[in-house]
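You will see two complexes here that share chain A, one where it goes with chain B and one where it goes with chain C.
Here is the complex of A and B:
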């Protein structure tokens, strides 16, 4: 059978030519002129995600998920596997890059009003991708089985345990016992390499499918877009193929190169294996600092209920509001000047998040700022 | 005068006991002559010494106990002699009594002056004739501790007092009657008398240096005997003192616990060889094992021993380079023997430096989180090879040393490579600018193409 015959045979069974033609037609549609180089940001996130998947594959090939061998296998990856140190460093730094790019992407989408009708589900899928990335960050953090990771995971699961309603059951399910141990490591490993990547892939596929199907948002209000149609709002704009795709690819190339550079210049050094005492000054990654700091503010009891459980309602509601933002921010306007209220609310939330992050970063620390050594208490107040 | 008054008082006190002495003649005299002349009969025997009838005096309602049993003495004496009785209750002597061994010593076994131990003749410790007095202690302990059958029941050696008598400590006390000479109780506490295997014992290996050092570290005590007072301090800085937990010898390990003698030079190699088997074997087989030194003044011929290079109490590895310091004592400069010594000395120094470096490398690999099992095993094998090499060095053959060194260097190289892989040096980052050039060229291309 010739090559062509094989493709024909597959087409009869799969109908791939029709699907390709539909996708090509969708990708050839002009996009709103304002799209510009903004797509490079999404491309950068995709590029970093691809590098995370690739480095994750290499690491998984050498990693052994058991308390006895996890730490040594990571040391072996770092010191004996060819370029293992770089893969390890890229994979760790990639988390930070991915969270940062996803947050920037969310900011860009919010500012341009692109989350509004009919692209609400694109936002929801994107937000869920970010949550999957955060889940990957948390589960991946434990895998090297360092003392710091062991204790921060214990703390995190403690917070899960005090979450309202399903908290204790969820914590037990994740931990696989009363303490962080071999079962926790197995569970986090399977979440990190199978469950969460599959979930992320599905959500990302949905997100990209929706981007392709609905096109990029034009600058006109949502109701006007609905009335005139996407094509009419996008006259004279560049199409995904080839221009926008090339811009996204350029963004991906720069992001990958930047990530490789940071990873090569600042590879993670050795850290003590789990089994030591709780390290002093334990604090989470920068993107969880606000949550970390907020939970410190919780009183012991609120209206007779455990304080932390009540306090957790605030971030839980904030997270739900973030994922469902398009259904809360429903005005058709896309120009910022016409969206003062929602801008003010979101700006206040971002400010609160930023302030808590800064307080969390300086709390219980002595820092040299503006030529003076300043000490901060656990609430981030100067002492 | 004072003694007379005391006797009168005692007579007054025992006057009440007149009823007892009616039937127990000959009891009063030793009690009055003992360290406890005021003690009345009922103090130890209970009963009633005022009763007119014998049955009343001995009535069980009056708690009459008759002759105190062995186990009852400590409780009775302990009313006043609290510390001594307390110490005795933790002693192996009490253990023996509890097991029903009649040889278990109780208060009267050591403190009664009479041949038949009895509470009636308790002697004052200050009295030179008392069985617990320094000059009498050995004889008192020997009453049981020289009895082979009794000692066998408790698993205790029966030759201790005999050996003590033959050694300088025994001579000092028993022959010279030295008032400050060491007796049994100087090393084995008089009342607690713990076994020397008990870490609480002053005779336990971990405490021997301290115990012996009480006299042997004191210049005032040692000088009259013409002995050095610095030997214990030297021992305390030795590898033997550091290795006590792993069975290294304490003072008694070389001098014997009771005989306490200086081992004759002809026995030293065999004695050290009990632990240092390889070095002693190679030494005996080598030229030094057959060498005999003649004292130029006395003409006395003595064989060489371990002490010549290592010292006795310091027991140190000679400091590198040791050729001039150790070999040079007997071998003149420029002789082939000294040249061999120099070769061996440098082989030893190089090998030790290699091992220090490799162990450092292993530590660094471990600190980086590597279990390094293979490298660790190979390094343990090298440590073993070094043991063999240092044993071989005692045969003072430079050829054998050089051969062993060649093999060591080959294996050390493999270990260094295997461990070195776990401790990589700085990374090569020359690819970074090339990558950026490539990426930027690609971005420019894509930018141009996306405009078209």
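Here is the complex of A and C:
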């Protein structure tokens, strides 16, 4: 049977030619002229995600998820597996890159008004992808079973336990008992290598399908786009294939190169295994510092209820508002000058997040700043 | 409804109801297996001669506690902070248990003095077993 005959035979059974023609037609549609190099950001995130999946596969082949062997198996990956140190470093640094790129992507989308009608679900799916990435960061952090990771996880699950309503049940289910231990490691491992990646893949497929189907957002207001149609708002613009896809691929290439460089220059060193006392100065990753600092402000009790459970309503509502932003920010305008109120609200939230992040980073620390040693208290105030 | 339900409608509904029930049952069964069992109480022995300056530490199921021989009787406290479950440390100078994570402090009896902890340190039952104290929790 000829090659041609094989493809024909597969087409009869799978109908792939029709599916390919439909996708090609969608990808050949002109996109709004303002779609420039912005797509490189999404491409960069996809490139890093691909590297995370590949490095994760290599690490999972050598990793053993039990308190007795986890720490030693990670040390073996670092010290004896060929290139193991690099995969380990890439996988760890990739988390930071992925979260940063996702946040930049969210900022870009908000500034360009691309989350508005009819692309609300694209935003929601993208936000859920970010939450899945954060879940992967938290579950992956425990796997090397270092003392720092053990206590970080204990604290995180302690906060989950304080969450209103379902908090205690969720913490117990995640922990697999009353305290962090072997059951927690098994549960985090299965979440990290099976449940969350499957969820991430499904959400990402939905996100990308919506991007392809709805096209990139034009600069005109959402009601004008609805009235005139996407094609009329995109005259003279470049199409996904080949122009925009090439820009996305360039973004991916730059991001992967940068990640490999940082990972090769700053590989992880040895760290003490779990089993010691709670280390002083325990602090989460940069993207959780604002939450860490905010929860310190909670009083012990508010109106007779545990203070932290009440305080957690603020970040929980903020997270919900982030995921559902297109349904809160409903004006059709896309130009920033016509969106002063929503811009002011989001800018205030971003400022609060940034300020709490800085306070969280300096709290309980002595730092040399501008040639002077300054000490900061637990609330980040200079002492 | 203008048109009466057909046999096809009914069977479609029945299929949907069966699939929903089966999925809910399977999820409930998985939930039962995933829900952690209650751990039975454990007992740790602390030899009376092991006390230094009237204090000794031990652990129950891997979780550390402190035993203090106070004039009013022995007192055993879990060292797990009630806020975010870090291990508190006794600071002799301040006479406080201090949590390294969010600066919660507790007095010698485990009562909250400052910081975010919502409840006092957990007290564990102590019984006198001759040359040792038995701590249960």
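The rule is short, and it goes like this: the second predicted complex is superposed on the first by the 381 of 383 C-alpha atoms of A that agree within 3 Å, B and C clash if a C-alpha of one lies under 4 Å from a C-alpha of the other, contacts with A are read in each partner's own complex, and residues count from 1 in each chain.
Heads up, the rule we're going with is that a residue touches a chain if its C-beta (ideal position, glycine included) is under 8 Å from a C-beta of that chain, and two chains touch if they have at least 3 such contacts.
Fair warning: this is a prediction, and the values are worked out from it, not measured in the lab.
Once chain A of one complex is fitted onto chain A of the other, the partner contacts of A:250 are limited to chain B, with no touch recorded for chain C. Of the two partner chains placed by superposition, only chain B is touched by A:265; chain C is not.
By the touch criterion stated above, A:79 is placed in contact with chain B alone, chain C being left untouched. When the two complexes are overlaid on their common chain A, residue A:273 makes contact with chain B while staying clear of chain C.
In the superposition on chain A, contact of A:155 is made with chain C only, not with chain B.
Contacts of A:173 after superposition: chain C is touched, whereas chain B is not reached. Note: no residue of chain A belongs to the chain B contact set and to the chain C contact set alike, using the contact criterion stated above. Across the interface of their complex, chain C is touched by residues 151, 154-155, 157-159, 161-162, 172-173, 175-179, 181, 183, 277-282, 295-296, 298-301, 306-308, 364, 378 of chain A.
For chain B in complex with chain A, the residues that touch the partner chain are 367-371, 421-424, 427, 429, 432, 435-436, 439, 442-443, 446-447, 449-451. Chain A makes touch with chain B in their complex at residues 71-72, 74-76, 78-80, 85-86, 238, 242-244, 246-247, 249-250, 253-254, 256-257, 260-261, 264-265, 267, 270-271, 273. Touching chain A in their complex are the following residues of chain C: 34-37, 39, 61-63, 80-81, 83-87, 89, 99-103, 112, 115-118.
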